[in-house]
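These are the structures, in structure tokens.
Two complexes come next, and they have one chain in common, chain A, joined by chain B in the first and chain C in the second.
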Partner chain A sequence: MVKNKITQNQYMFIVFSAMIGVGVLTMAFDLCKSAKQNGWIPISIGGLYPIFILITASIIDNKTDHASFWDYSNKIYGKKLSYVFAFIFLAYFLTIFAGVSAGFSHILTLSIMPFFKPMTIIIPCLILVTFISLSGLQMVGRISELYFYITLPLLLVAIFLIPTGSITNIKPIYFSLSEMSKTIPSTSYYFAGCEVGYFIISRISNNKNTKKAGIIASLIITFVYFINVIIVIYNLGWELTSRIEAPLLYLIQSIEIPIISNFLSIVIFFWSAIALRLLLIYDFISSEILSKVIKIDYKKANFIILAIVCIYAFFMTPEYNRKMIVNATMPYFVLFSIIWSLTTVILVSVKYRSSKE
Partner chain B sequence: MDSLVLTNDLEKNINIISANTPANYNFKNRQLILKGDIKCNILYIIGLSKKEDIEERIIYPLLFNIDCDINKLSSPIPYISKKYITISDTQLSSDINNISKGLKSGKTIVLIENQDNCIICNTTLSNFKSTSDPKIEETIRGSKSSFVEILDTNICLVQEKIKNNNLKIEKYVFGTENNSEAALIYMDNMIDTEILNKIKNKLQSLETSYVPDTGYISQLIEKSPFSIFPQTKTSEKPDNVVSSIIQGKAAIFIDGCAYCIILPVVFIEFLQGFEDYSNRFILGNFDRLLRFASVIMVLTISPVYLVLLNYNTELVPLDLIKIIILSRRDIPLPPFLEIFLMEIIIELLREGGLRLPSVIGQTLSIVGGITLGQASVEAGMVSPTTLIAVTVTVLATFVIPNYEMSLSIRLLRFYVLLMAQALGFLGIILALFSIVAHLMSLESFGVPYFSPFAPMRHKDLKDSIFRFPLKNINKIPVTFKNRKVKNNKDG
Partner chain C sequence: MNIFKKSTIIFITLCLIFFCGCEHSEPIEDLAVIMGFGYDIEKKSKPKNITAMEFITVEKKDEASSDYFVGKGTSIYNAIENYKSKQEKPFSYGSELVYIISEERAKLGMEDLAYDLLSYPDVNINAKTIICKGECKDYFSLKLKSGSASEKLSNLIKFENEEHFFSECYKVNDFLCMYYQQGRQLYLPYVEIIKKNFQVTGVAIFNNNKFYKKIPIEEAKLMNILRNSGGTGIIGIYSDDPFKYLEMEGESNLKVKVSTKNHKLNYDISISVSGDLRIDTLYGKELSKKQILKIEKKLEDKFKKDLDKEVKKIQNVYGFDCLDLSKYALAEYGRNSGYDSDEYFSNAKINIDVKVKIESTGRTYKGTAKN
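Then we have the complex of A and B:
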């Protein structure tokens, strides 16, 4: 039996987990290219994006009296437009899903599994998450919750590197509007995925303060990103950071602990749990949207998604391809999700107010 | 089917009862002539009934104490039962099934001429067996007694430890062929009604021909019979069972079985020892941590060793890799086969040791372990470092206090090992991730099996991998209180 109810805490952890993937390992590299030593400022401001998305999700949920995405979408947009929007969201999540699969395989081949082909890594991972996802949203919620606590120390491992850095690496601190305006929009891509909130918020059993849960999830992720970026720059300086593809991994590699000659392997070992959790969330959400869009059983949709993502990830496997596809599509998806959420909030306020009256 | 009942014809009644009772040599029909030339028959099964009780408390008073004319009495059966039978537990019945069941459980039937009912006297022979030391759940502190094969004795052992009016004992009969008696024991004020109803429904709908052991019941009533993890807990110690009952769980006993099953259960319980609470706070926690670490060690030591040898030699420090490579020189077997074979040999020794008498079993384990280990290293079949990895794994399995869970974890290490061989570190990660996901998907009578970790129940974490001081631990875990949980809307 598929169980589809989650708690407010589980909602918070799902949303948090949907945003954090392999991006955190490489984000300092991208940010330092444009914002130099102040790369940590745009990522902190970029945190406003998930706050906006999750607040709108909460408003829509409250106004529609916890109606599902499909119910209120059909009511305000009609069936045809609802299908179109659902399809765009599906494409959005599939891109993240395949992108993370490919990115994960890239990181593994880069670090501890250089002898494996990307698809040899991707296929077993996708098969596993497909089978786990069959258990439904409750399982996704439970895994997100448990692994949040297990992997939180890992996300903050960079804190141990504070003593080794230099304050001169992040100086001078200045806020250039022109530089920031170039960088800030691209930081929202690191928070992409928080839109899963629209699809799961109506399934919360104790929906007392979903707004607060969303804001907490956004603040935690912003803090994690902020701490990792600033410590990377603090240790390596912006010039070196902007030349290394995965600066956080490079930095972690420098940590020495007895017996293990490479601390990175331990980090990657646990990091895989974060990646698998994220894959699970996207597998669930994509399968569910697909099952509604083409009206098939959720379990069948799961296996269709498995096939689609395998093919999609195959085209993303050279890292160059992945970056090209993600960079080309993500701005449009983010823009769509901002416009959709604003429009939906307005329409829901109007339509549901009139229906209540 | 209409139930058969007694008639006024004594001969016919005896024939019907005989037809519904195993016609064995030990079925006894004793004829008496009571005062006033009234025929009376005493039916019982030799060996199941207590002969002294039949002679002194039934036959003697019927023959020598009756001082009135029975034929003149309006209802002679109740009168005789009340005035002459000196057995403490009697029952009047005309139902043949009831009479037949009574006979088979050692009761004695008193039939009187021209009467359409009878007296069923409880003369069951109590095969009381004194309690002995526990064989599997050995502890240093706590009670030293364990359950026996007699249901009533086992119930008494629980009852004498819980002197409370809320203790409920419900009797069941399982197995259409062997009609094995069983008892469900719980505290009415502690157990969650939803959980209790689920247990009762499962027990009532249980259809099987033969139930010789609690293990049968356990498998028949659990939700996921294909899961490797036990969804009920077996115990042979009364104090362990009592502590579980007080925590809001139920226990099922079966006649002829010296173990009971406790239900519902959660995964973490299998790693908690009864002594943890008796020991001092720090010592208890150290033991728990050790057990938790041992589960991780059993699952990962051999696979990680294999991956380090097969795929990621660069992760091992230079000094250590030198030792490993030197020890593996001239070993013909690949690392996977070497580890796999050693693990299988250990399992053979374990299973062999179990089936033999305890003294021979111990000798076999020691001699087999030492001789095989040394011989395989000297013969160049296995490297000493592999032997160390496998031995540490085996030692770690003995730390898991529950035998069934220990077996499950042992078996799972083969799965992790195979995955490690196929996919290296990724294989270990996927295997562990899938095991945790499977644990999360399990339920034991509506209780999430991986609680308090998933769903996270913060209050119950006080008594999980670590335990807080006794005064801070809740009496009844939130996990076993569905009603409260539902109010909190926990998922």
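Then we have the complex of A and C:
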């Protein structure tokens, strides 16, 4: 296999891993605050967003005959505009990158490492991630694929908790548009990140069924989110869920397994793999964009990204800071990527048709 | 680039060694590991918080025993600070077995207590919660033949669901669920010291998260059946002759349906008890199918009568929903419907349907009477 290429399965797993981070642990809290006991409805509807993004990515890829992001962007928008768009995407990915590293350190201090300051966790993580990211896309794909199989049981650990809940906690089921629309700013964060598909889709070696791979990745992540949120509400009720910062972590503590005295620390240990995998993907993507934008070597770009993210994550360290920045910026980024993808699909189909004839 | 790779590997290995968190830690023998935590209050001119804590000590080699200290202060953490000034060892949370709340404390209110249990990240949410009579420190100071008081109390509650139809949900997690969820009231086992031993003598019922009354164990049995499913217990028919009675041991199951009629709630509670017939000296006939059906019918009638009486008492005398029935109404008609008020509950019509099923008659087939 050619280096710097990935298989279709690896593409699926990279996109899947780019969306799932520390959000699963805390998402029920945000959803229950406004949607109450029906918090699982907006997250199921939100699954349409990654499907939309990945289908457009696949359409663009097919229409442009597998040209890279830079090629078709330059052709459609011209050089100046494509630099602007690349910068917006870079800011978008860096926000997720720094946000997840800060959130990950917060979860660790909350659960098993109360004796650490956040930066003591963030800096070694980022150095480790940079180290792996130097090996290129192929390594990112391999790690995503391997970790998917290792961590899948962990994502479905909530199934253990089905017998203990009560059906009265999720009833009555009703759909109210005003309550659901309040959850949009917070739900947009959980599916954000599927845009990495635009940058890696041209590197797939067997690019026949990219649409199918994208849809499968979106369906898996929607299912994982759905099952975790509904089981948390089923067990705790929305009143308690909306009072706890990380409801899933709290629920995992209530699982009692003989011999194992602290199940939570084992879960967190494996959970770090999920968070590190996500950091790795964003490190790779953002350093690649940076290296193209300011025309430097990919390896040098890696170190610049490391420095930027360290500073960015520092501003996000107390959890309320992170929430403020993420909630303020993320809806606009998501809106931008929806508009960008729609216009690009239209322009691509117009421009590339004429060039073929 | 090779230098970077080498130095990264060295850096990460050093991180693993130095950042493992052993820096200021003490070996576990020198820690005071908290086993039991008591919330108490002193009622004088101004209420004063008291916390009593039991912890493990290792005095002789390879032999763990337990000791306790009492802290006093105006608030919970003031009291803990006071406690720490008496304690020479650093203490650690995370493996508590039991949280004791005294009756006096529960009467005054538990807002700060619930907040503490919810927000402190190291609280073991699988620890049991109980209401006790008298002062908490009496429970920890009790000299037992073996083991610590906390261990014994925790095991007492853990296996409580094997008698009197208690449920197994009296953990901190369940406490918080009962405290915060809409349409639910707190309902915890009540423990007393009787003849230098712990005993569950009833349940404590709460109105708006304040201690209302202790229910004696015989009445608590009926309340338990109406409130939760999955507990086992004994029901029977007794006659004047102390040697002639009928008893069965079974597991209860509860189902509730809600409907409304003329702005009044209508609860249909169906209870089924299935289990084994233990003693039948009342009839003493051959246990054929006909006879078993007759026994089941008799048990159902007797049991239904008791439960109806109990429900009447709860609706008219106590006047609030200590059976958690409101949560079914809220689940049916929405959280903002207002059906969880006391008024709706005491005016509601509650129909009880009891089904008793005898699954086995034990080793006997014929009755034990001599005739």
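We adopt the following convention: the second predicted complex is superposed on the first by the 351 of 357 C-alpha atoms of A that agree within 3 Å, B and C clash if a C-alpha of one lies under 4 Å from a C-alpha of the other, contacts with A are read in each partner's own complex, and residues count from 1 in each chain.
As a working rule, a contact is a pair of C-beta atoms (placed from the backbone, for glycine too) under 8 Å apart; a residue touches a chain by one contact, two chains touch by 3 or more.
What you are looking at is a predicted structure, and each value in this text was computed from that prediction instead of being measured.
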First, second, both or neither for A:I221, with chain B first and chain C second: neither
Which superposed partner A:L276 touches (first chain B, second chain C, both, neither): first
First, second, both or neither for A:I55, with chain B first and chain C second: neither
Which superposed partner A:L146 touches (first chain B, second chain C, both, neither): first
First, second, both or neither for A:M113, with chain B first and chain C second: both
First, second, both or neither for A:N9, with chain B first and chain C second: first
First, second, both or neither for A:Y174, with chain B first and chain C second: second
Which of chain B and chain C A:P124 touches, first, second, both or neither: both
Chain A residues contacted in one complex by chain B, in the other by chain C: 113, 115-116, 120, 124, 128, 131, 261-262
Chain A to chain B touching residues, read off their complex: 5-7, 9-10, 108, 112-113, 115-116, 120-121, 124-125, 128, 131-132, 135, 138-139, 141-143, 145-146, 149, 205-206, 259-262, 265, 268-269, 272-273, 276
Chain A contact footprint on chain C (complex, rising order): 1, 5, 8, 11-12, 15, 19, 21, 23-24, 94-95, 118, 121-122, 124-126, 171, 173, 176-177, 180-182, 327-328, 330-335
Chain A residues touching chain C - in the complex, by the definition given at the top: 36-37, 110-111, 113-116, 120, 124, 127-128, 130-131, 134, 167-169, 171-172, 174, 236-237, 239-240, 243-244, 250, 253-254, 256, 261-262, 299
Chain B residues within the chain A interface of the complex: 311-312, 314-318, 320, 423-430, 433-434, 436-437, 440-441, 448, 450, 453-456, 488-491
